[in-house]
Structures are given as C-alpha cells and as structure tokens.
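Got a structure for you, written out below as structure tokens; questions coming shortly.
Note that the chains take the letters A, B, C and D in the order they are written out, and that residue 1 is the start of every chain.
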Amino acid sequence: MAKPNKDSLKTLSFITYFIILFVFWFILSGYLKTLLLFFGVISVLFVFWMSYRAKALEEDSLPLKIILRLPFYWIWLFKEIFKSGITTTALIWNGKYSPQLITVKASQKNRTGIANYANAITLTPGTVTIEVDKKTFLVHALSKKLSEDLQTDDMNKVITDLDR
Amino acid sequence: MIFFATLTVLGVSVALCLVRAIKGPTPFDRILSISSIGTIIAIGISVHGFAFERPDFVDISLMYILLNFLGTIAILRYYKIKRKKSNVL
Amino acid sequence: MNFLLINFFLISLLLVTTFFIFKTTSLISVVALTGAFTLLCSAIYVNLDAVDVAFTEAAVGSGISTILMVMAAAKLPEGKKNKLINLFPSIILAVSISLILIIIIANLPLLGDPNAPIHLHVVPEYLKESKDFFHIPNVVTNILASYRGFDTLGETIVIFTAGLGVIALLTSNTLNRKTNFKKNNKKNER
Amino acid sequence: MSYNYIELITLILLAIGCFFILSGSLGLIKLPDVFSRIHAAGLIDTLGSGFIVLALIIYSGFSLLSLKLLLIPIFLIFTSPVTGHAIALFAHESGYKPKGKNKK
C-alpha cells in the first residue's frame, strides 16, 4: 500500500467525521423532507465548526487505519466483558473478594492506544485503572484470579495489534 | 406485563443505590451511586416507553445518559479545582 | 393503576432524598444528592407524559445547575462546618406555601380530562393546522417558534444575557487572577 | 408462532439484564470501599444495560427506533470507563487507600 499523503488523510478523516455526524443527526430525527434536511446540514456544520475550533479534530482523533479492524475488536471486547462480568457477579454474591492493587505495563506506541488500553481495563468489570504514569498503570482488581487474567498480557497484545 | 416486572426490579435497584448514596461515608461513594442511579433511570425510561406502548421516549433516555455523564464529570471537577488552588497557593 | 404505583414509588424516593439533602452537611455531597433529586424529578415528568418538561429539567437541573453549584462550592473557603440556624420561620413558610399549593391543586381539573378549559381553547386548532402550515413535525416547536415568535425571541435574549454573565463570572481566568492577587499580598507582607 | 418466540427471547434477555443490574446494586451496598464499588457500578453500566437494550431491540424489530436504542449502549461504552477512572483517580488523590493487601 502506498503511503498516503498527510493532508489527504486529514481531509478523509474530516469527511468521515462529517458523515458520522450527519448519520447521527438522521437517526435522531428520522425525517426526509428538504427543509428539515437543510436544517440538519446547517446544525451538523455548526457542530463541525465548533469541534474544529476546539482543536478536537486532528488526524489522531479519527484513526482511519484501524476502522476496519474495529468491529472484530469490539466483538472480542464484548466477549471479555461478559466473561469477567460473570466472575464479578459470582464474587459479589458469594462474598469471597480480596481486593488488591497491581501494576500493569502497556506496550502501545501512541497516546490513543494507551487510552484505549486503559479504557478497556476499566470497561471490563472487576478491574479499574486508577492512575496512568506514561506506560505503567496502577490497577485495582477485585480478586486474585482477575488480576492474574490481566497479567497474562492478552489484552495488551490485542490492543497493540490493533494499531499496527 | 414483562416490562412492568422489569420496571419493578429497576425500582428496587434504584432504592438500593439510593441507600448507598445516603449512607456513603465518602463523597465519592455518593457520586458513584448517583451516576449508577442515572444509568438505571435512563434504561427505566426506555422500558417505561415500551410498557405504556409509546416507545418514542428513547430520545430522553439518550439525552439522560449524556447529561448524567456531564453532571458526574462536573462534580468531579470540584476536586480538580481544589487541587489547582492548593498548588498555586 | 400501574401509572399511579410508579408515581407513588418515585415520589417516596424523592421525599427520602429531600430529607437527606436537608440533613447532609458536606457541601459536595449536597450537590451530588441534588443531582439525584433532579434525575428523579424528570423521571416523574416522563411518567406524567410531559416529555418536553422532562427534557428541560434534565438539561437545566442535571447539566447547568450542577456545574454552577460545583463552581460556586469550589470558590468557598474550606474548613467551616455547616451549622443549622434557627429553623422556625422557614418551617412556617414551607408549611404555609404547601397548604396554598394543596388548596390550588384541589381546584384544578383532573389529569387528562378532555373537557378541561386548556384543551378546548386554541389547542385543537394548533394541533390540526400547524403541521401543514409550517412543515415542522413538532407541535411545541411550532407554537414556540412561529405563533409566539417574538415572545420566544425575548426569552432567548434574556437567557443568553444570563449565560454571558455566568461565563464572565466563572471562567478560570478570574480564579487565577484572584490567587495571583493573594500571592502578591503575601509577598508584600514579607 | 414466531411472535411467541420473540416474546420468549425478550423475556429471557430481560431476566438476565435484571439479574445483572440487581447484583450490581447489591454490590454497591455489600462491597467494602470506593474502589471495589466502582466494579459493581461498571457491572450495571455494561452488562445490565446491554442485555436490557438488546431485549428491547429484539422486541421492537428492525427500524429507526432500534437504531436509536443501539445508541444507548454505544454512549455508555464511551462514557462509563471515563467516569469510573475519574472517580478512582480523585479518590486515590484525596488520600483514600483501598482495603486489602497491596502487591507491587
């Protein structure tokens, strides 16, 4: 694959962002009249301008490279959430929890990847990221089994592979 | 009928969360349980819409989730401001 | 029947929350419990079919007023406990206001009564004609933005001015300026 | 006949979701300190709401409404970890220590 120009990548991510905003507007309104669609385009443009002005739009914010791998990642994440959710529910009902603090190392390259990993840890019930210090996380886990699951580094590898 | 049973369970959960919000020894317990109450009520509104056969209420529950998030972050911002103040002084 | 049960449950939760807002002394906990109060309130509005009121209540109560109260609480000095002052006048005021409200409510028409005066005046006309007239699907928007356009314009100007005032008061700039001022004072004392 | 299937699936999914929400709010009461209670709140946010919304989507069939319903768990997935992390961070900074043994 030829290396894409930086400016063209930026334009592409702008267009994607615009399309996502408009689809969101359409799901919320659901009308197909010319006047209302016109109003929708105006409001979408307003939001677009606001987020451009707030500098929330950089090429980092919408990583187009990973957008194709994202559905597979989400399915994997749902499976993981379900598994650890069942463990946490059992722990709550039988009361055999032993909370502990551990440190976890992250091997992602950019900030988006690290934020993604920290959010994935927090999203699976039973583990919460407390502090992020460059590439080390302080994680609070509800039991020993959950913390050992985290230290096998499966999740880290999957999220690092996401951003190859 | 199943939706009313669901609403009952959700009501019981809201009451349980409210117990923690009232009892909570630290303010963080209160903030946490109130954000959970917000989530449960947001889901309860959409179930309520289905139970009374007016499922247009989903819009409100969407906005509810976003505002609940905003409110929680706003309350937590208090601690950030305090931290900044104590650093400056 | 179910409708009444849900209403009863929510209102009893609301009463419990109100009682504990009154009893808590930590400021930030009071703000958090007020958030719960607003959430329960707008759940009650949804149950009463007042969807637009619920929207407004959620946006204003849970969004804006929480932020305002937090910013105000952050500016207060620390280390002072809330003391309960003499409660007698406020109890009398609250009881008399609630008595007046109960008397007014007893004279209102029943909820959802089709013969109530509010449903017979101009509402049928608005409901029938406004959609074909202005091509906007929401009737409330039609009434607010078209039939009562000037009224709404005035209201928005008032709200906009209030928002500008709040932004001018609460930007972080003023916070920094104050602290810098204190710092300078300390230097001068030395 | 097919209608009955849909109702049965809805019933099962709603029951699972209710179970998760109930155990989450039970955890909010039972668990010993703030850091452990965040796990219970996460259980409500992810699994409980997810299953109930899935049940509602299956009950309503595919339309614009089900897309709107689908937005609820998407928003929750984006907002829930941020809230949990922020609460844990500020609780840790304010000097509350988690109970139990600390392993480095």
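Basically, a residue touches a chain if its C-beta (ideal position, glycine included) is under 8 Å from a C-beta of that chain, and two chains touch if they have at least 3 such contacts.
Just so you know, these numbers come straight off a predicted model, no measurement behind them.
Touching subunit B and subunit D together: no chain. Taking the mean of all protein Cα atoms as the centre, the chain whose own Cα mean lies nearest is B.
Counting C-beta pairs in contact across A-C and across A-D gives the higher total for A-D.
Mean C-alpha positions place subunit C and subunit D at a centre distance of 28 Å. Spacing of subunit A relative to subunit C, judged by their CA centroids, is 34 angstrom.
Between the Cα centres of subunit A and subunit D there is a gap of 17 Å.
Chain geometry summary: the mean Cα position of subunit A and that of subunit B are 22 Å apart. Multi-chain contact residues of subunit A (touching two or more other chains) are listed as 28. The residues of subunit D that reach two or more other chains are 24, 26, 38, 68, 71, 82, listed in rising order. Taken chain by chain, the contacts form a single closed ring in which each chain touches exactly two others. Of all possible chain pairs, the ones that touch are A-C, A-D, B-C, B-D.
Residues of subunit B touching subunit D in their complex: 2-3, 5-6, 9-10, 12-14, 16-17, 19-20, 26, 28-29, 31-33, 35-36, 39-40, 42-43, 46-47, 50, 55, 58-59, 61-62, 65-66, 69, 72-73, 76, 79-80, 83. Of all residues in subunit D, those touching subunit B in their complex are 7, 10-11, 14, 17-18, 21-22, 24-26, 28-29, 34, 37-38, 41, 44-45, 48-49, 52-53, 56, 59-60, 65, 68-69, 71-72, 75-76, 79, 82-83, 86-87, 90-91, 93-94, 96. Taken in their complex, subunit A has these residues touching subunit D: 24, 27-28, 30, 81-82, 85, 88-89, 92-93, 95, 97-103, 118-120, 122-131, 138, 140, 142. Those residues of subunit D that touch subunit A in the shared complex are 19-20, 23-24, 26-27, 30-33, 35-36, 38-40, 42-43, 46-47, 64, 67-68, 71, 77, 80-82, 84-85, 88-89, 92, 98-104. The part of subunit A that touches subunit C in the complex is made up of residues 31, 33, 35-36.
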